[in-house]
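Take a look at the structures below.
Next come two complexes, and both contain chain A; in the first it sits with chain B, in the second with chain C.
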Partner chain A sequence: MFAFIVRRLFMLPLVFFGVTLFIVLLMQVLSPFQRAASYAQTENQARNLDAIIERYGLNDPWYMQYGRWLRQVSQGNLGYSRTSSEPVLTTLRKRFPPTAELAIFAFFPIIGVGIWLGTAAALNRDTLIDQATRVLAIVGWSLPTFVLGIWLLVIFYGGFGILEPGRVSTDFLIEIARGGFKNYTGLLTIDSLLNGRLDIFWDAFKHLILPVITLATVSSAQIMRVMRSSLLDALGQDYVRTARAKGLAERTVNRKHARRNGLIPVITLAGFTLIGLINGVIITETIFNFPGLGQWSAQAAVNLDYAAVLGFAVFTAVIVVIGNLIVDILYGVIDPRIRYD
Partner chain B sequence: MKKYLLLFLGLVLGTFGLAQSGSDTFVHQTLAGGPVSLDPVRAYDTASGHVIENVYETLYTYDGESIDQFAPALATDYSVSDDGLVYTFTLRENVPFHSGNIMSCKDVEYSYEYGFVNANPEGANVYLMGDQLLGQHDVDGSDAAAYQETVSFETIASSIECPDGPDGLTVQINLQAPDPAFLAIQAYTAFSVIDSEFAKANGMWDGTEETWADWVGRDVTQEFLHNNTSGTGAYQVVEWTDQQTILSAFEDYWGGAPAIQNVVIQYVEEQSSRILALQQGDADRVIINDRASLVQVEGSPGVSILENPEWGATCVSPAFFNFDINLENNEDVGCGELGCGVPADFFADVNVRRGFAHLFDQQGFIDQLYDGQGRLITMGQPTSFLGYNENVDVRTLDLEQAEQYFREAFGGEVWEQGFEFTALYNGSNTIRQTALEIIAENAAFLNPNFKINVRSLPWADYLARTGEQKAPMFALGWCADYADPKNFIDTFYSNSGFYSARTAIDLPEMQERIDEANSITDPLEREFLYKEIGNLHYDLAPMVILPESAPFMTVREEVQGIYRNPMMSGQFLFKDISKN
Partner chain C sequence: MASVTAAQTANDNQVPSAFRRWWDSKMMKRFRRNPLALVGAVLLALFLLAGFFAPIISPQPNINCLRSIGVSASTVGDIRNPLKPAFWKLVGAAPLAQSPYYDCYTIPRSSFSPVPQSAAESGTILGTTSGGYDIFYGLIWGIRTAFFIGIAVVGFGLIVGIIVGSIAGYFGGWIDNVLMRLIDVIFAVPGLVVAMVIVTVLGQNIFNVMIALAVVGWAGYARILRGDILQIKEQEYVTGAQALGARGPGIIFKHILPNSVGTLIIIASLDIGSVVLAAAALSFLGLGVPVGFADWGQMVNFARNWLLGPPGNPWAYWFVSFWPGLIIVLFVLAWNLLGDAFRDVLDVRSNS
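== the complex of A and B ==
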């Protein structure tokens, strides 16, 4: 197992170079003028594009630009993000905790609801429960995130004046900015509890409700479908028939035998879902003005913010490699047939 | 289970009352994209300017809503020598910086010198005042060696002096050539007064000749003043991120502590979120992209839409003609000849340009895009600027006239053979798109051989394409850096202005007047010359100026004291408002 983990971790530098080189080469498709123009947001700012090309070395050969960036990275500097007007590493450090917080709070309902509904559908196959659950899944999966998000915002925030977008209310925002609130983890819900501030905890929690519902509606549909089909498959296996024949209670058969095996594909999907959440959910973060990685990375891409795009690519590569490794290890835990050398 | 659910819901709903912004807090939600820098010598964008103009101050500033009257700020008085070359300012006494230091001449001297020492190519100091104080503006910090060859430290140092000593209250600014726009330019945030002791103590340029070379062209976004401030303004920066900027009132402000204690400027991408926040009272002012979206807030309780027919805009958006199109590898010009495309000098023919001007329905555009709330613009500068000629006709849709001009163009060849090209606009700019489409449709209606395709390009591509002079016709614009016609007339009409690189414009009759207006200071004479340029604009039709939308602001009713100065990045200063 240890050797397996080490082998997988060796992939990290390969993925790092592969992804970043690809992005650098892709950027070269744009002329230096086009890349310089991204520094100018208005016509007035566009008066000096030649100087910008010179200043940022946009005319240099691609390998020089890449080498310059690699040298910076080796010194722990991922460059400067024009989108956030600060170093890329600083932005990643600031924006990762909100994304992680949203991901964690969304992950459990996604998995919980997905597994629960999928199990209910499989155990009540071809009944009303099954049909209703499957329709729910199709609707959830088909619903565009931005449509659902805006609907929820209009209904709850616009209609009832509750659950406003953002991460925290203005008064708490000011209070936190002024000091007197210690950031331990960057996760506002956790930090507020650690600071003994239940009021900030509830405020931060409320701000998570609508984004979490938006994410859970779409993503749990997928989990539910996979859970249903894999559990149905497991329920049809010989060992389940044997367990029933031995006189075990139906509940025990379903939970202890069938569902455990039915969870294997769900684990894979759950892993990818979590990786996707941690990389930032662009639309949800934009609609709800949640200051996460997705919002920043999308703007950086639109702005042709070279350093930010590369920095985010590095971050994503690390998350994906480590995330996949964890999923594979969990496989081995859940399924004793799977062993890694 | 049910009781826990009820408890949870109760806790959630019970705390929603915290949402609305309090009477001592002003929340402003604007478009996504926060400040580029809080260092005045680097900032040249609206978001940065919005913060800087509330945290720092200049010697003189705009007087209320006026763009050509200036009120004392850090200076209480000034005089100008007879030759217009020496401005002497008397500084206000006992003005504290946020750090506690007291402002004196040395801070003004440092601020101006720092701007010219750094000569930031992405800032505005050299661009706006290089000619006047250094004798040049073509070279900046992007080429440090060339800049130091062209501009000596002595030149920089001699441009601003403290006749009564560094701690005195007299500042003398020495121009190399008179400039009637000087007072307007110095009101720009680039010329804000920085706390020199605070800056030096925190690793910024030490103010000496020995180290100036190290700072020429330096990337100041990596330096202390990029995100640390000590100004004299009514507000201090508490926090700045790309999500929000939080300001708090400076209790020792020389003009008296402001009524609004906290200001939160939030950068929110999604307009529907901004509108909901305004309606719910979580935001006191929001930016709404266009008039068409106003219908979403009209009639909302507690929301005011502020409009005033006297309000003018300081941005002008024309559809430009390219007088010398770059045909090389250019898919927007068809075959590069009449009939199946356009030749390079297509728009060099004045009859072509006049014809096109008569294809654009000015009033129809206002009715369709601005809900009838707009104004025709007669020439390429804001209506409130000196020399704007309101008596000039505006060429508008007139198919008979258009046909007459097209029949004369290129000896009749244009009408006979027709043409085909692609007009460009940027991204999702529906205003520019609609303008070009109106022209295209009317052209096709007039003569089926007149084919104009309309295409959008992402911003970066758009700037690149127009910069390469490949766009036959394109819609772009300009917003005022300072309140003087020179900022627009040179930009649009001069053969060495910003747009000349994109349009190859070179109209001798206009150029003569532009050069003359730039060489004199008498406002009446300048006004006469600019008005003549307005007449020439009608005659020569170098571009089609799109109508301007009547400006508006969407705010909560509780906010008092709002005014609108289009030269300010935020249109008003937070220190001047209050809330019920």
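== the complex of A and C ==
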């Protein structure tokens, strides 16, 4: 197990070098002036690009530039983002908590609804429940994030005027910015509870409803389908028949013997779900004007803000590699038949 | 002579045609039993027909387009007549800036109204967006954009995937190792992020969107093919071929590829739906095509400005987001229904 983890951690530098090398090579398509913008740390430097081209040798061959970029990153300098008018690293730190909050809140409906409906469909195979969840899953799977998000906004924001985009209402936003509201975790729902402000909690929660539905629909539909088929598979196994034969209650057989085994493929799917969530977050945050990493990266891409896009790509690559590692370890814990050596 | 020909014909009649054999194959029988798959196939056929006959179905294209295909005010009816070359020029128009008929993908404007207009107000079929862009025209010509992107990206990805996959699978060793680690790296980065980076750097146009999606897309096919080849390589008939003196590329092309490419092509073609979706997502983020281009993602992006109606009439602009959204959902649904059915059919375990 230990050897496996170490070997998988070797993946991290590989992905890091692969992704950054690819982007740096790709950048050679651009003129030195365009690239210089991604090296500037402050507004003043950004106005004097000639100095930066000279200083960073942007006319040098790519391998020298790549070495220099690596040295710069190792010193904790990811460049300057024109989109957020601050160093990329600062923005990454500032914008990660809202995105994490969104992803955490989306996680529970994805897993919960997916497993619950998938189980219900498999246990009631070929009944009306099964057919209904099957149609639900295919329709949910076919609802692209950007279409669902826009439709939800047209209905609940434009039409009924109940829920609105953003992270929190303007009144509270001003109050939070003024001070007096302590940021403990950066997650607004938790911080508001820690500050004893139920009104802010309720407001932040309301702002999460639509983005979470948008983000969770596709992923939970996928989990529902996998759960159904893997549980059906498990129900047909000999150990389930044995469990029934020795007189166990149907409920116990389903819960303890079939469902636990049926969950294994669902966990392998979690790695894909993570990648899907990152893709989804970019679009969902853009639609709902939610001030997280995804919204910033999309704006940065449209603004040709290279430093920001590069920083975001490196950041997500690291998250995905670590996420997949955790999934693989969990997989080994849950299924003792798996041996990593 | 005549009698021999007759005998041959009679003989041919007994051997079922290739189409017949395909239609009656176990795979197709299973497929035809699945009612949801049939819904998907019918939907897709409708999309194909609507895309092909776009010149007849859609309203009249804009004046630049008409000029480029060489019709004047008096001969404008030719574009709806399949017997005239003007119709075929429109059918063959590609949504690329290099195409002489590129302008035909720019949605004609019925007015310069600053707000969206309903069907009744503007005299169009589904209404217009702000700036008077005809929604119906955009959706119909958007079908062509969608298929063009989907087929081109999947085709290119397949070619690269087959080349890389067969090299990795056949030669093995360090070549295989390097290629597989490269694929691991590609899989470790969310596709949308890579595509965003590529389009940002290369420039925002439809061709670069296709390049970006193909760069992300080939890796999956290469990995599937490599796995297949590793399995097939161990089969006896390959050893037999080697014993008879077959070497290197000959074995790959004659003995290995024909046995695994068929499934791969089905898997890949079912990806057209998700490729179109990814392209639409990129244009939704503003990274694809300019405003007014017949592209679904761009039209949904446009709809973001019209979530709220005028005071007192909150639902006034529903059609701006509803129709483009609906056509995307139907398109993706069609591919997903087909894909679902084919996955059942191709899954060997469920064949028993």
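Just so we're on the same page, the second predicted complex is superposed on the first by the 300 of 341 C-alpha atoms of A that agree within 3 Å, B and C clash if a C-alpha of one lies under 4 Å from a C-alpha of the other, contacts with A are read in each partner's own complex, and residues count from 1 in each chain.
Just so it is clear, a residue touches a chain if its C-beta (ideal position, glycine included) is under 8 Å from a C-beta of that chain, and two chains touch if they have at least 3 such contacts.
These numbers were taken from a predicted model, which means no experiment stands behind them.
Once the two complexes are laid over each other on the shared chain, residue contacts for A:313 go to chain C alone; chain B is not touched. Residue contacts after overlaying the shared chain place A:157 against chain B and chain C alike.
With both structures placed on the common chain, the touch criterion links A:33 to chain B but leaves chain C unconnected. Put chain B and chain C next to each other and count what each touches on chain A; the higher total goes to B. Applying the stated contact rule after C-alpha superposition, one finds that A:327 touches neither chain B nor chain C.
Touch criterion met: A:177 reaches chain B, while chain C stays clear of it. In the superposition on chain A, A:147 contacts chain C only, with no contact to chain B. Of the two partner chains placed by the overlay, neither chain B nor chain C lies in contact with A:240. By the touch criterion defined above, A:104 reaches neither chain B nor chain C. Judged by the touch definition given at the top, the superposed model places A:248 against neither chain B nor chain C.
Chain A residues in contact with chain B (one complex) as well as with chain C (other complex) are 30, 150, 153-154, 157-158, 161, 286-287, 304.
The residues of chain A lying in touch with chain B in their complex are 30-31, 33-35, 37-52, 54-55, 80, 82-86, 91, 94, 150, 153-154, 157-158, 161-166, 169-174, 177-178, 199, 202-203, 205-206, 209, 286-289, 291, 295-296, 299, 304. The touching residues of chain B, counted against chain A in their complex, run 11-13, 15-16, 18-19, 21-22, 25, 27, 32-37, 44-46, 121-122, 127, 140, 142-143, 217, 219, 221-222, 226-227, 238-239, 241-244, 246, 248, 262, 264, 266, 268-270, 272-273, 276-277, 279-280, 282, 459-464, 467-468, 476-479, 481, 498. The part of chain A that touches chain C in the complex is made up of residues 11, 14-15, 18-19, 23, 26-27, 29-30, 138-139, 141-147, 150-151, 153-154, 157-161, 275, 278-279, 282-283, 286-287, 297-298, 301-302, 304, 306, 309-310, 312-313, 316-317, 320-321, 324. Interface residues of chain C facing chain A in the complex, by the touch rule stated above, are 36, 181-182, 184-185, 188-194, 196-202, 277, 280-281, 284-287, 297, 300-301, 303-304, 307-309, 314-315, 317-318, 321-322, 324-325, 328-329, 332-333, 336-337, 340.
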